[in-house]
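Here subunit A shows up in two complexes: once beside subunit B, once beside subunit C.
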Partner chain A sequence: MNDEKFVEVKNLKKVYDNGHEAIKDVSFSVKKGDLVCLLGPSGCGKTTILNMLAGLLNPTSGDILFDGKSVVNVAPKDRQIGYVFQNYALYPHMTVLQNVMFPLTVGKQKMPKDEARKIAEKYMATTQITELADQKPGNLSGGQQQRVAIARALVQQPKILLMDEPLSNLDARLRLKIREEIRALVKSVGITTLFVTHDQEEALSIGDKIILFNNGVIQQDDLGQNFYLEPNNYFVANFVGNPVIDNFNVKVNGGKITGSDFEINVDDLDKDRFKRDLTDGEYVLSVRPENILPVEEDGAVSAKVDDVELIGRERILKFTHDGGQARSLVNLETPIKPGDNINLKMRLDRVFLFTKEGERVY
Partner chain B sequence: MKSNQKKAWLFLAPTIIFVTFFSIYPILRAFVMSFQSGSLINLNWSGFSNYQYIFSDPEFWRAIKNTILYALISVPVALAISIMLAWFIFSRIKHKSFFETTFFMPYVTSTIAIGIVFRYIFNGDYGLLNFLLKAVHLPTPNWIDDPAMSLTTIIIFGVWTSLAFNIVILMGALRNIDPNYYTIADMYGATGTEKFWRITMPQLVPTIAFLLTMNIIAAFKIYTSVYALFNGQAGVGNSATTAVFYIYNKFQIVGTPGVAMAATVVLFIIIMFVTFLQRKMMKKIGGR
Partner chain C sequence: MKKIRWGTLIAYIILAIFAIITVFPFIYMILGGLMSFRETTTIPPTIIPKHFEWSNYAKVFAQAPFARYFLNTFITASVTTIVSLFNALLGAFAMVNLKFKGKGVVQMVLLSLLMVPGEAIIFTNYNTIARMGLLNTYIGLVLPFLTSIFYMYYLQSYFGSISQTIYKAAMIDGASDWEYIWKILVPMSKGGLFTVALLSFISGWNSFLWPLLVTNEDSMRLLNNGLTSFASDAGSETQLQLAAATLTVLPILILYFIFRKQIIRGVVRNDLKG
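After this line comes the complex of A and B, so read on.
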């Protein structure tokens, strides 16, 4: 019906009984069949939104529409959603098969055991847990439990799948594997999925689209790469990216951007990238570590390398600048050691300028 | 290795000494005494005569019958009521801790004191219970003074007193159940009954097994509540006599410790057997 806005959230607000304003006027929409990540630091309200979508929490104001119909006054069981909890919440006293069958064998629409078993077995085949049917969850590995939880969430053939940090209980290596599996699985089933995570890497790798939250407000609702290339504001620029972005306090005065020991002509910046006119005043100049690189020539920022950290293919050069630490991401072969003096140059078409309030100017 | 072992014995010594003197020795002594007759300071070997005596004593059989009836009725009834009340408090009541404290009160109060209060409640003429029964036009039996009613009275009292401990333990177990289990069940539209039988009860099995064992053992050792309710007697005409009452009577009042110990050994064997049976049963249920 309404595939572009299969899930639509309008001016959603949630104030808890203790007066805490968890969600402040949030609106977004999700395309049918998309896998969307709700990303943000802990306490940013992403789980609150998921719980409101599930119907576990009532919004203070605003509307939630599934397929064009408001579900705010619809009970969770009638919303046609599947929910995967962070700790899976599998029933320890039931076998895998009984766990997967559970949603089909309770409530008003419960079906005969044989029928339920057939459907359960179909989804257990999809999630590749058929041979675990008679095991109890306690005997399964984290990844296997994860698949059981997904099979149980899918068995009622919901229209929307909600997942609350489903990978946080797994070890790092398994997490990489399972997140690929989850993506492949939800894509093969074709279900619209909302996936809550605090891990940017996870969000970037799994999501068709990412919605980044902070303090109950959407910071950016965009495709993954745009969080790197075109962050909306200072928070986004600093939240996304590893190693984190370098920030320098600068003053803009008469066509010059002045840092503690560098100077940039405003004319050298790319005019098309200005979001608004640059007025004189104090700003933060941010540049990703891969865009501030050591060069031979003079006239660039000079710095002494404090430390060199190896991260696989690359090295992070750490240096102190204007009292804070800054980083430069260089190739593994670069022969720079701690204590070396280097000259650094920024790619001016890749730097960002933010106001002190965090608003992006360039 | 060797010096290590010596040290280990040293650390174990206090416990071993304590258990030996206060648990193992009395059990063995009771067992030995059951084959002896005479007073405590002058015991003689008498073979199986004590056992012959108790097995031919109708009083002993009445005591055993009463004890078994009491255990078999009061324990399941008390447990069922405890589960219902605990589930009710847990799922419906807002100020849980207040009710929990209230329900726990009887456990920290002396059985004797409660028994005295219940003597008034159970009183046939001016008791609170009969007053209430009369108000709803039900028969008003003479709870205390009618020999035919005394076992029933003891059972009611026993159920009431064991609620406290059971409810507190069950509340703890209910709290330990992951609330997400219920959230998920709600999300799939499970009814309250379905949630209770498919989530709560299976999760409570280990706790229920524990309580059943504790309650059964306690029920077989019932003495204080009889003493308190019937003013130091075992009911009118010994109608509510129990195994421990019989043992106490033969030991202290009649002065035949051998007979008392023979009854003790029999009770010990019965409790062991019942506990063993019950563990097997619970294992079967829990291991489904």
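After this line comes the complex of A and C, so read on.
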């Protein structure tokens, strides 16, 4: 048994026939029973990876191991995986029961109808679709189709469940509900799950850990909160977080960090948080909107509020700074109106410094 | 008061005129088959016969082996339909779902062959069949029509509209290609397959030139050829010719009548007909 590295991807590469390098040397591993989210913007290669794990695509190079065994040359049907497609891919001419039974009525797993029916009914009960047994997929709502797809994926009792943006076709409210259900279901079955999504909120709420991709490269492979607190690089800092992080162009010179109208002493920064020595030059200083707050006294940044947006418990103050828009996230009760002039102060133990190439320095 | 829409009215009148022009020969053929000889040849022509001469049909069957023609036509049309449909199904599946080297080239060659009219290769086909000693046999009649690029191409566009993820899902569910074809692809494409079968059967039923070339024995003739030879055999008995023609067309008319929706849909879908 190989529980720590139940799924292991080693130096995986995929170059498409047209020369597009979708995946560039990706390695990661997944613990048995974990629910891991593959997160990234469209076209970052996350679905390509899922398809390679499923065997629907062949990697150009590298290796994929399930439970310590390489599966690169194993056909999809023999990999003991379940797959939930973005559009569910239910068979429209079959009833729900027939759809769920299908994997048990074909190929090597073929078994007598009665037996297949029993197993199918068990998983239909788990996913709460028993009463839909005789319906055709076309008559079902998105959420119901989703459950049918999950039941069909689980009925083969796979070791690994792969889900490709399973919530993207659902409306917002249902998405919240189903994602909780999926997590609960996957945990109760105890199956190792890889879940592809482009929605950071979804990833943060559902995943035991998150692997963030961009341009076919892993940007960060970490626990959810670390994407907020300790982003690996400029891309991660900007991809994760809502409202998005504020970025200020700064120059570092002789122990001072100088922005367009503020100055920070390098000595005021937390020394333990430096990733490497700070040399003079141009940098980007990033701070999350909840860590740059209005203060009474003269702060680091002064600005005029352009707009105030209400988002539930909080308000976003939008202001223009150095030509770009920046945000501050404040309490709902804060009595600041558009047009007000405010002073803002950053929490220096929460700011990040990135090089122009995106590498994190602080 | 409702306003008369002149444009619509004119359109309907024009449509009606063309419909009558199109349908008239059929109607006259059916009525003519029930006239006496005199009625078919009088001037001005008779439209509705005084007595329906059903005995014309008995005479037709007595004068020529029409039952045999029917059987021959039915056999060849059915065999070509079943086999070409099967081949088109497998070919289209391969082109849509399988990955293989040279797929693009194969596709291009097939498409360019589609441009070659059947008449252009009919003599080479004839030579082949003749040298194989298959003249006056069922095999000779059906062999050149057992595959059809057009039908394959038609099904390909039909299968292409089925999401690729359905195929992937079936692969992961453990289905073999064979199982995918019969349990998923065929049930999901009933409409397309049916259209192809119908078009193939009708064109098999109506075939004329090829059976004329490869058969000369009465027992191997198909309906259309039987009809022409009957026309010359029956000489001036026009009422019998019309009765025989009605017999030939009737099954196809019935098919059209029952399945007109599918046929129209099938022809409209691809903007062209085989």
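The rule we apply is simple: the second predicted complex is superposed on the first by the 361 of 362 C-alpha atoms of A that agree within 3 Å, B and C clash if a C-alpha of one lies under 4 Å from a C-alpha of the other, contacts with A are read in each partner's own complex, and residues count from 1 in each chain.
Everything below uses one rule, namely that a residue touches a chain if its C-beta (ideal position, glycine included) is under 8 Å from a C-beta of that chain, and two chains touch if they have at least 3 such contacts.
Treat the numbers as computed from the prediction; the structure is a model and nothing was measured.
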Fit or clash between subunit C and subunit B when superposed on subunit A: clash
Touching partner for A:P76 - first (subunit B), second (subunit C), both, neither: both
Partner chain in contact with A:G107 - subunit B first, subunit C second, else both or neither: both
Interface residues of subunit A shared between complexes with subunit B and subunit C: 54, 56, 75-77, 81, 83, 85, 87, 89, 91-93, 102-103, 106-109, 152, 156
Subunit A-facing residues of subunit B, complex: 178, 180-181, 183-191, 194, 198-199, 202-203, 205, 288
Subunit A-touching residues of subunit C, taken from the complex the two chains share: 163, 165-166, 168-176, 179, 183-184, 187-188
Complex contacts: residues of subunit A adjacent to subunit C: 54, 56, 75-77, 81-83, 85-87, 89, 91-93, 102-103, 106-109, 152, 156
Touch list for subunit A against partner subunit B, complex: 54-56, 75-78, 81, 83, 85, 87, 89, 91-94, 102-103, 106-109, 152, 156
